[in-house]
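The following pair of complexes shares a single chain, chain A, combined with chain B in the former and chain C in the latter.
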Partner chain A sequence: MKKYLPLIVLAVLAVLPLIGLSTYTMHMIILVIMWATVGMAWNLLAGYCGQVSFGHAAYFGVGAYTSGILYSHLNMSPWWGIPISIVVVTIFSFLLGLMVLRLRGPFFTLATLAMGEVMRVTAENLVWLTGGSTGILIRERTWIDKTHYYYIILAIAVVTFLVIKLLVRSKMGYYFMAIREDQDAAESLGINTTLYKTIALCISGALTGIAGAFYTNYMGYIDPEVVFALHDVSIVTIMIVMVGGVATLSGPFVGAAIMVLLAELVRSQLADLVRSMPSLGAAHQVFFGILLILIIIFLPNGIVGDFQKIKRMFRVGGACK
Partner chain B sequence: MSLLEVRNISKLFGGLAASSNISFTIQKGEILGLIGPNGAGKTTLFNIVDGFYAPTKGQVLFKGQVISGLKPHQICKLGLARTFQVVKPLQRMSVLDNVIASAFLRAKNKAEAVNIAMETLRFTGLDADQDVISRGLPLGKRKKLEIARALATQPELLLLDESFAGLNHSELNESIEIIRNIKARGITIMIIEHHMKVIMSISDRIVVINYGQKIAEGTPQEIRNNPLVVEAYLGE
Partner chain C sequence: MESFLQTLIAGVLLGGLYALIGIGMTLIMGVMKIINLAHGELMMVGMYIAFWMFAKYGIDPYLSVVIASPILFFLGIFIQKFLVNPVLKVDSILPENQVILTVGIGMVLANLATILFTSDYRSTPVSYATKAWYLSDYWNNAPIELSLSFPWTVSFVFAVVITGILWFFLSKTDTGKSIRATAQDLDAALLMGVNVKRMRVVTFGLGAGLVGAAGCLFIPIYYLYPSLGGKFTLIAFVITILGGLGSTIGAIFGGLILGIFESMTATYVGMGWAPVGRFLIFVVALIFLPGGMASLLKKKRMRK
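== the complex of A and B ==
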């Protein structure tokens, strides 16, 4: 049963648009799948290879801007951004890796945090290329209907899932995990840690970039504040995987569903309050913060990673009644 | 040609000479013991041989090729594996996965890696613990896991850094048996050990260092009767 679960989920997702969901619901589901893709990409680098990045907005943003710049400067369809961003973001990740992968542990993390911010400021100031804070508007939308976008992001997510699933069970996956557990031990086992860390970074970056390119096409507008955002991209990505389950295949999906829906719930439920008190605009971030603290204390391996523990908790709770 | 040649190695940490002008060779098939009081520079020497440190002066030759300056993973690929004194299991991976990760160095595919790993676990007596997450292993088995992981890279020369420290009597005997079996497979061994009885009984030759300098080299019998060695260990 457990073996077929991903196939069952996929089958359900494949027929989902046929049951006539509202545009709003479809939008939510598209966002969940997109964030799950970014989460899976981050999880490969951080969860499996142990290189915790606080700057995945850099790859997301470069992917998004690849699409945007192809459209605004070369008059190409922004959909070209999806294949082309693979090349662009891989090269970008490689160059970034030359700098940040020399660092270990928290030093690596802080360097990635800085790189994310550097990219945002760069995009704001390279006005001739990016349009600066004005952003890039895709004037001709391909489809009004959400269904096409839904199938495209679903395909991207499925490919990402399969790539990661194959990777983590191969030699490369073992090498990634060995590096995560102990870089010196890995090196002494004949593992070229620099090479394999670079590979993990490039794959993770490229997959994140594809999601970024999709974002440009789907939302039709990007600016540096949105696609290079520290909170709304880098941190949200980390939270998705932390909540769902680090180093699990399905964790990012669970995490993305919870995070996107929670953000939306808080936003819509508090909408009236927010209107009367503008300072409440970021209230959902308070909830996220509290949720993250609770997860770290009680479910350090996330919902998927600690599923047995959750089951046990409820069983104990039931027995007490 | 000797399998490993350490040629005039010196290593300075700031003003401290952790090794000064050390030379010795290891012949194929032998067990070379490396002993010396705490802080003598034994582990530093290991770190130089397997590439974690670059020597300040001197060279290390493995199978006639200069290896100082290469990275540890390149040296491992050439056929030189090591264990760590402070054991470094891949904590959140099972015992089997630990060994599979290192077996991939020579294996062409996963099935072959699993085969090498299983065989190595049986050889080191860890096959009953193959599914245990290595964080939960007791020290004696962690030390064995270090050896198993190094063996799975199919080395010609194995550096063992205090693989016996902290073991109880029966574990000690098992480990000695494993070392003898490794030798019987034709793998050359260099071993750091504090346990005198063990090192005297298994080594073919012994090198003694103190304050970063080689003070003696010879058969266990010669070392036992060397006044310099006695002085280093017992004081004047």
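== the complex of A and C ==
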């Protein structure tokens, strides 16, 4: 049963648009899948390889801007951004890796955070290339209907899922985990840690970049504040995986579903209140923060990772007796 | 030449204030071995305390230092005792959990501030805000004209005084010495009978109190909005890395370097690029000087 669960979920997702969901629901589902993709990519680098990055907005943004710049400067369809961003973001990740992968633990975390911010400020100031804070607007939408976008992001998510699943089960995946557990020990066992960390970073970056390129096509508008955002991209990504489950394959999906729906729920429930008190627009962020704190204290490995613990909690008079 | 000197003065004044923010973070990092990414948000809380004291009761922001710091001290103790400590105990795959926890705390603080106080920009319109000293007033026919802003100078002096008191506390008192011992070697400190657990709590409170004081010093010269915390968190950790983790003297140097560098970039490259300069110096420090200024100082001492 467990073995076929991903296939069943995929089959359900594949026929989902056929039952005629509203545009709004489709939009939510597309966002969930997109964030799950970014979460899976982050999870490869952080959850499996142990390099906690606070700067995934850099890859997301570079991917998004690849698409946007192709459109605004070369007059190409922004869809070309998806294949081209793979190349661009991989090179970008490699160059970034040369700098940040020399660092370990919290230093790496902070360096990536700084890199994300550097990219944002650079994008804001390189007006001739990126359009600065005005951003890039894709004038022609390819489809009005959301179904096409849905299948494209679903395909991207499935590919990401398969890539990560294969990687994690391969020898390289075990190298990643060895690096996570103890880098010195891994090095002394003959694992070229720099090489494998670079590989993890490049793959993770490229997958995030694809999601970024999709974002440009789907939303039709990007600006540095949105795609290079520290809180709304980098930290949301981390929260998705932390809530869902670090170093689990399905965790990012669970996390993304919870985060996107929670944000939407708070926003729609408080909609009337917000109209009278605009400052409540940030309310969902407070819930995010509280949820993150609770998850880290009580379920440090996320909902999927600590599923057994949750089960035990709800079993009356279980094995703990 | 004139603009260069003026920029240098502005940089030093800014750097002194930055140093105060950095010291709080470096203390926490030295003792707890965690990076407090809620540091800027704590400063934001301090700034709001100073702001409301001014707006409601007309208390001068500089006097609010003695109000905001104790409040922040207890807030820090609360965070350490009830949020950070439980996380230090649980077992998880990623050791960076504590860092992510502080991000969560920062988010809650920043967004609660948005909800409670709206995201309007605020400032304290103190009477001396635009007062300044000019060189030509004191030295007739001076070759160059330099000015010294009154609130900037007062904030700088306050920052220096607070740093001095902190230095006295850390090097002369029992608690201060215990904090330094804990930072140097946790196990050895434990064996020497230092109450490590309490030192951790005190340090977090101290760091929070310091940054609260920094917030009060910043508000007469800066404006205030709920999401400013992130910016100052970044500044604080750049200083910490520049100075060397856990090194107080390093943090002072780091703050000064950053302040000068930032005002130089703002003058000679462009206002918008100042943050890039900040990160550039950060990445360069991480790669070429991983131990920070503290390692340079140590090397010099060894050679002697």
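Everything that follows uses one rule, which is that the second predicted complex is superposed on the first by the 316 of 321 C-alpha atoms of A that agree within 3 Å, B and C clash if a C-alpha of one lies under 4 Å from a C-alpha of the other, contacts with A are read in each partner's own complex, and residues count from 1 in each chain.
Criterion: a contact is a pair of C-beta atoms (placed from the backbone, for glycine too) under 8 Å apart; a residue touches a chain by one contact, two chains touch by 3 or more.
In this text, all values refer to a predicted model and were calculated from it rather than measured experimentally.
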Partner chain in contact with A:K171 - chain B first, chain C second, else both or neither: first
Contacts of A:Q285 with chain B and chain C, given as first, second, both or neither: second
Touching partner for A:N192 - first (chain B), second (chain C), both, neither: first
Contacts of A:D182 with chain B and chain C, given as first, second, both or neither: first
Touched partner set for A:L103, first chain B, second chain C, both or neither: second
In the superposition, chain B vs chain C on chain A residues touched: C
First, second, both or neither for A:A46, with chain B first and chain C second: second
Of chain A, residues touching chain B in the complex: 169-171, 174-175, 177-178, 181-182, 184-193
Complex contact set, residues of chain B against chain A: 50, 52, 71-74, 76-77, 81-82, 84, 88-93, 97, 100-102, 104-105, 107, 110, 113, 149-150, 153
Partner chain A, residues of chain C touching it in the complex: 34-35, 83, 86-87, 90-97, 99-101, 103-108, 110-112, 114-119, 226, 230, 234, 237-238, 241, 270, 272-273, 275-276, 279-280, 282-283, 286-287, 290
Residues of chain A that touch chain C when the two form their complex: 46-47, 50, 52, 99, 102-103, 105-107, 109-111, 113-115, 117-118, 121-122, 124-125, 180, 230-231, 235, 238, 242, 246-247, 278-283, 285-286, 288-290, 292-293, 296-297, 300-301, 305
